[in-house]
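Here is the structure we will look at.
Chains: A, B and C, in written order; residue numbering restarts at 1 for each.
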Amino acid sequence: MTISASSFDALQLKNVGRSFGGQDALVDLNLTIRAGEFIALLGPSGCGKSTALNCLAGLLPLTHGQILIDDKRVDVLPAEKRDFGMVFQNYALFPHLSVQKNVAFGLQMRGVPRAEITRRVAEALALVRLEQHATKLPGQLSGGQQQRVAIARAVVLEPRLVLMDEPLSNLDAKLRLEMRTEIRRLHQSLGLTTVYVTHDQEEALSLADRLVVLREGHVQQIGTPQELHDNPANWHVADFMGYRNLLDLTVETVNGSEARVSGRGLSLAGHIVHHAAASDSVRVAIRPHDLTVVEPGASTSGLNTVEATVQVVEYQGREFAVEAVTDAGQNLFVHASSAPRPGDRVTLGVAPSRVLIYQADLAAEAGSPVTQTPLESVAS
Amino acid sequence: MADTPVIDAGRPAVRGAEKIYSKRRKGSGPANRMPGERSLVASPGTWFVWAGIVAFFLFLFGILISVLVDSLGKSWFTNWLPTEFTASWYGEAWSRFELAHVIGVTLIVAFSVVIISILIGVPASYVLARSKFPGKQVVMGLFLLPVLIPPITFGIPLATVMYNFGLGRTLIAVILVNLVPSVPFVIITMTPFIEQINPTIENAARMCGAGMRSVFLRVLGPLLVPGILAAGILVLVRTVGMFDLTFLVSGPPSDTLVVAIYRAMTSAGGAEPRPLVSAMAVMYTVMMLVILVIALRFVNPTQLVARVRDNPDD
Amino acid sequence: MSSAIQSRQSRTRVKSTASLAHRLAERGIDARLWLLAPALVFIVALFVYPFAYGIGLTFQPLARTTEQWGGGPFANYVEFFKDPFTFESVWLTMKLALPAALFNVIVSIPLAFKLRHRFRGKRFLSTLLVLPITLGTVLTAQGLLIFAGRQGWLNRFLLDTHIIDQPLQLVNNYLGVMFSLIISGFPFAFLLVSSYLSGIDPSIEAAARTLGANWRQRFRRVTLPLLAPGLATTFILTFVLAFSVFPSARLVGDPGGDTRVMALMAYRAFGEQQNYSMASTIAIMMGVIELVVIAFVLLGRSFFYKGSTGGKG
């Protein structure tokens, strides 16, 4: 093995920023990636996640900041000298080269001896289970197979870092799940350090060791899947993490980290995530899984309860996703273990600890303690 | 003899069909067509269309075959066909107009124009397809102008400049003036072709460790070959057929075949004998057909006349 | 404190990374632009410079022009507009180019419609249509002279079928040039209209059909509006082709009279009278007049929907 994978301790991004003609696409990204880690950059389209990845790859020059590997600058190197591998959303296979030659391309560029190229290409193709397609052209393969070729092409170089730009978003749902497992397996067996860009929170949660949530070029939160899932730093992250019920309410009373909020015919006890004072406009986030249909006769003590009328019921495997509307006309997304019928009156219950209260204004939430900026925090 | 019945039989049928069906069409209209019925199967409109096409092609082939028959006829004045056939006009035209030289000039001009316009045009189309830069619109407009403006409009000032520089009637001048529409043509054809090559492929090559040179030689180059072939063959067809611009700067030693035909048709003191010109025209047609047959291996017919993206259903 | 120092360090480095090259690259100015240089040099040397030179030349009339027409440096333009022999050529050109372009586009529409589905021999048909375009006007002219001449097959056929008594004068006049313009212009227009038509997603029309539109309504309300910009473009290109007609006007037309088109006048001034400044004047006026017509068509086109037509295109 001429190039050994993961040959560093830490890769640091310091204040990395990029603007396009005065428009900020990415602002002050600070992140330290340890060898072997799987990092997901998560956010809606246009949030700067692909910009971040392309800056890291060297395909876009940085406007600010630097990228260091073990304290050595790499942002001054052109893309082809960084020893990173990359997997693209549209596969970006060379259409005129066979699968084999696609995978061998990078090794040839590095002047690896022919015998070794043959061996390593065979190894890489075996890894993604494409041995019998080695001589085909990319156009003859299915989408999933093409993406596996792309992955093989990236990992055959045993790069210091693998970058993946929404590699699964062009695949259909079933293949997406299979490939997700495949990527996880490859990551675990090869120990490749990976930065993975996606807009799919489920994908990010299932794959990554740590997630970076971006919005309009700004980092919203960095943390483990657990942290983000249970304690989103602001309502935007909550929205992204599947807190489908986002209610704009007003704070009535505050008691430590507990508060009572009301509006729209609702009055709920909830948990203040950062800070809130009486009469603040807040946005309250509740996951459909935490807001359940209370079975008749079950105890509701300690729960917030809301009366509502069932409108839409969807079967989702073992449970039911229900959309209900309160008497005041507020729509709520709820989970139920047994199917109510549209038109039924139901009582909904949610524990106060799972009613998360955020400032409605995202800027007012900035610099909050839950956002875990790893390693050095930046004074500005 | 074989041609006459075709024309005899074809014409009246065509004319008749036009009248009858256009009348019937007004009476019935599309309303009495059953819903879901294939409207195109043998409807009056279809007959009308085919009649028009047949008429057009009778005209076209009439023209082409007239030239051919004329070039083979000994004396053709008052009959459907010449009284006697001969191939001697060809030999005479060949020596009278020094056609070996003329065809040589035509090929040298055409291939030089193809190669130079590709060398200049392809790199420019790469930039126009891939980069955004200030003033890009202006540059694009500049490359579009020679295609939009009538050749005579820029040809006359250009020819004047050529004569001023002492290049009049030289091969170099003929090549240079033909480049003016050809380079923009290559750019206009190649830019969309390069645009449809996914730019991430270049990024992928760079991420595999390929420098700019390798990206161009090993990835982009092979992908561009079909486009370059198509653009090249189109430029070839256009240059061989280009009359206006070549005519403005060429003189007898640097005439291409089309210009030589024109000169023979208009030569002072009464034109050359018609069959002599026809023989030359047939040779020109054969040359064009050969190029056309080669061209159609690489491009579809529509692309020969205008920049249109390839339609797979042709 | 350490964080403050580090921050200052990073700020100074921030400056250095956002170097001039990077900032220019951000605006799209990078080393790749050099690839554009040969083409730019070429276009400036062989198009912009001669064109500018030609415009300059129009203001340096020959002494005889100034004497005859006055107007100082504008003498060429004075002659162009005042000399009926010259100015009439504008109308003669228009009389040929506009009807020819209109005819070619309008006839192409029903044909393109009928032939838009796949059928065997479609490619062969297009190939045949390409023939007259690639062969060019000089060859068409020679063929027309023979085929449509007084002794040609066309007249002979019309006489033999007793449709006419006397051979018709079909060449060496306005009609001859018109034939030539149609033979080379119609296939061009047809192929263009066909390709625009195939660019309209057929499911759009299918949708109109499910909404109850009949053949005529579908054409008038859905397809034609989507096709209109393409038709405008086709008209422009066909017009450009017919407008600069030159060899056929000389060979199958009546170059002294009815088909004394501008291109012919410009060439005469250039080649026969060696009056380069007048030749340039007529050439430039040709460009101006053509651009005016194009501008009118584009103005009309701007009222149509120009976006995606949903199909391959």
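The rule we apply is simple: contacts are C-beta pairs under 8 Å (C-beta built on N, C-alpha and C of every residue); 3 or more make two chains touch, one makes a residue touch a chain.
Worth saying up front: this structure is predicted, and the values here are computed from it rather than measured.
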**Asked** If you tally contacts for every chain pair, which pair is highest?
**Response** B-C
**Request:** Please indicate which chain is farthest from chain B, where distance is taken between mean Cα coordinates of the chains.
**Result:** A
**Fill in**
For the pair chain A and chain B, the C-alpha centroid-to-centroid distance in angstrom is 55
**Request:** Could you please state the distance in Å, as a whole number, between where the Cα atoms of chain A are centred and where those of chain C are centred?
**Result:** 53
**Complete:** dist(centroid_CA(chain B), centroid_CA(chain C)) in Å evaluates to 14
**Request:** Enumerate the residues of chain B that touch no fewer than two other chains.
**Result:** none
**Asked** On chain C, where are the residues touching two or more other chains?
**Response** 27
**Asked** Which chain B residues qualify as touching chain C in the complex?
**Response** 7-8, 11-12, 30-31, 33, 39-40, 45-46, 48-49, 52-53, 56-57, 59-60, 62-64, 66-67, 70, 77-78, 80, 119-121, 123-124, 126-128, 130-134, 136, 139, 142-143, 145-146, 148-161, 176-177, 179-180, 183-184, 187, 237, 241, 243-244, 247-248, 258, 261-262, 265-266, 274, 277-278, 281, 284-285, 288, 292, 296, 300-302, 304-306, 308-309, 311-314
**Request:** Within their complex, state which residues of chain B touch chain A.
**Result:** 198, 200-201, 203-211, 214, 218-219, 222-223
**Asked** What residues on chain C touch chain B, complex-wise?
**Response** 27-30, 32-33, 35-36, 38-40, 42-43, 46-51, 53-55, 57, 107, 110-111, 114-115, 117-118, 122-123, 125-147, 151-154, 156-157, 161, 179, 183, 186-188, 191-192, 194-195, 198, 214-216, 237, 240, 243-244, 246-247, 250-251, 262-263, 266-267, 270-271, 276, 279-280, 282-284, 286-287, 290-291, 294, 312-313
**Prompt:** For the complex, which residues does chain A have touching chain B?
**Reply:** 57-59, 78-81, 83-86, 88-90, 92-96, 105-106, 109-110, 150, 153-154, 157, 163
